[in-house]
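Multiple structures follow.
The following pair of complexes shares a single chain, chain A, combined with chain B in the former and chain C in the latter.
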Partner chain A sequence: MSKPLEVLLLDDEPIVGRRLKPALDKIGCSVEVFEDPAKAVERMDQKAFHIVVTDIRMEGMDGLQVLGHVQQNYPQTKVIMITGYAKIDLAREAMGKGVFDFIAKPFKPEDLRQIIFNAAEALGVPMACPSSGNRPVETSKPQGSFDPSTR
Partner chain B sequence: MPIIIISADVGEIEQTIAGKVADQLEYTLLNRQLINEIGTKHHIDPERLNREMETTPSFFKKLSPSQWRHDLACIEHEVLDRLLAGNTVCHGLGAHLYVRGVSHAMKIRILSANSGETGDIAAGKGGNPDKSKKSRPAKLQERKKWSMAAYGCDETELSRYDLVINLDQIDPDEAVKTITDAAGFRKFQVMTYSMKCLTDLALTARVNTVLLEVMSDVKVEARDGSVVVMTRSSNRNKREKTAKIKELAGGVEGVNLVEVHVKKRI
Partner chain C sequence: MGILKTLKEIGQKEPEINGLYIQQIRFHQFVENTRKLLDLFDDGREKALDEYIFDRHYVITLIDRVVQRLGMMVYDACVLVPENGPAFYRVYDGHVLTAKRLVGSNPSGQATRSHDPAPVDTPDAAEPEYQLLFQALDWFNGKDKRLDATVMPFMEEMFSKVTQNLEPLGIEIDQNLFQQGQLASNLDICSQTLSTKAHGRLQLSTFYS
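Right, the complex of A and B next:
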């Protein structure tokens, strides 16, 4: 059985984590939820994640700073940004800084599942198609795939 | 991959640069040739559509504001539907004015006020370079008036664009290279958010086309399949008009919900 996709989900609104964690668990992700960016960054330094899903506007540290931390220390980790304040300038700034994808709130859980699926594919970590809602299929690990445990 | 929307103060320049960019990137080129297709599909004379892309409504031109708005909405609808496919270079269809807030749509303005290249290109297209140069200020004024009337914004205002290239200083081939290079920037790549913005714009345009065929006082906004229509009506006709809008907009592909707000002013 392939290892689950390690996902860190960071949003200062507790409802976001409560709603998205089950949606991602369902497709075989192992999700850790944080509301405090400082604690999330601390956790990233202890454990490796394939994907970080982060809000942009947060107290203390914003999503772009979280992106900077990830890129500097864990360049293979894919960062997905979610925000309720989406605007063209912010989207371009985030994209220019290397975010994997950017999505505006509110969105449907399947929208995020599709992005996670795309990120997993880019990382070379196989997953079942999100639309099927199945657990991940067992497949051999592609060459050059990213395994956070080997970080 | 991004959408590249090119506009220029000289039509021939716009056509030449857009064609070269599309060739080099192997993108689809969307231009005035689409007007014939739009005319056939929406049963509008293509000549009239072409005229409407250049002129504002007037009694003397036998062009009413409601007819003009509807016909422009048809063009907008067809262009936006095609832009959803991505990998497209678009010019001559006003897209720089109605594709708003889409981060993977790169808008480019080419200036060629005194450029010798302009004359060469105009001559190559069978135009008279001197005549074209003399009439340019008046044409720019016309374009400004048209864009303000059609979309409430001035197309000659350079801050609207992501990239402005002055052919007085840069050769056309260098301009093409600058554009194709910029198309590779991460900032202009497709993301979930930008696709959603474009999808919402396309749905707004589809609903607009259907409603403007039978009424003129509507303002449409679509998001995720939900459509909000603002309109005016007397108290007596309010219920009937709301029902009509719900019926028409609800029949458009991609619409899940229609909300109608009747206001005194829209």
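Right, the complex of A and C next:
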């Protein structure tokens, strides 16, 4: 049986974690939710994640700094940015810095599930198809597919 | 003869045509702003009823945009029906205050306005962001039909006054157009009617000059 996709979800708006966690659990992701960027980074240094989903604008440490930390220390981890309303300029900056994808609020959980699915595919990790329940989908496994437990 | 000179001459001969054209342009803006407001209401409703992920910032931005667009609609209405200007602005100021109270409500979603709606019976109503959105939607178009309580009756009132003011110009617009569901498409008809009338008058004037 395949291991779940490890996802760290970071957003300082509690509603995002509350509503997204069950939506991602449903497709077989193992999700840890954080509202404090410092605590999220601390957790990243303890445990490996396939995917980090982070808000772009937060107090203390913003999403671009989180992206920098991940890229410097865990280059195989895919980072997905959640941008606030009309923050396309910041999103563009993030894309230039190598973020896997971004999604603008407001959005539907289904939209993020699709991006997560694409990221899993890029990592070569099989997971449930976002629109077809929990049936695992075999993705084409690229060379050197990423298993965080081997980090 | 240059077009500007021609227009100037026409303007001197037929000042009321200039006035009609100014009214036509302003009415077009008025209709456009009405439509944009209805789009904002629809956007909020869609986010509330579908399972969207949004934050408080979205709701606050939505409220701000409604206030801004309503202000533009009031300005247009005041140009078209100047005698109603002070009354329109009085009601508008009340709505600005309501919006400020909504935006300033605490994170648990408890608004401070005196005529708060009853809690909405939906599974998401427990989320403060959803509560705020439902309160905003109630302010847009809730059950309370007082002009100073919800935005829609105020828009309807302005629409009514503006269209009544067009009747002396021979332009009759059905007052019942301002009914939900029919309004968006019919706003086009209103704008086109006035445009055609104004254009027709200019053509006649040019013909006889």
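Keep in mind that, in the parts below, the second predicted complex is superposed on the first by the 139 of 151 C-alpha atoms of A that agree within 3 Å, B and C clash if a C-alpha of one lies under 4 Å from a C-alpha of the other, contacts with A are read in each partner's own complex, and residues count from 1 in each chain.
Heads up, the rule we're going with is that a residue touches a chain if its C-beta (ideal position, glycine included) is under 8 Å from a C-beta of that chain, and two chains touch if they have at least 3 such contacts.
In this text the structure is predicted, and so the values were computed from the model without any measurement.
By the touch criterion defined above, A:L20 reaches chain C but does not reach chain B. Legend: residue contacts after superposition of the two complexes on their common chain; A:I115 is shown touching chain B, with no touch to chain C. Of the two partner chains placed by the overlay, only chain B lies in contact with A:A104; chain C stays clear of it. Contact with chain B, but none with chain C, is seen for A:G96 once the two complexes are overlaid on the shared chain. Look at A:G84: by the touch rule set out above, it reaches chain C but stays clear of chain B. Shared interface residues of chain A, touching chain B in one complex and chain C in the other, are 86, 107. By the touch rule above, chain A contacts chain B in their complex via residues 86-88, 91-93, 95-96, 98, 101-104, 107, 111, 114-115.
Here chain A touches chain C in the complex through residues 13, 15-16, 18-20, 84-86, 105-109, 112, going by the rule given at the top.
Within the complex, the chain B residues that touch chain A are 101-103, 185-189, 191-194, 196-197.
Interface residues of chain C facing chain A in the complex, by the touch rule stated above, are 47, 50-58, 61, 127-129.
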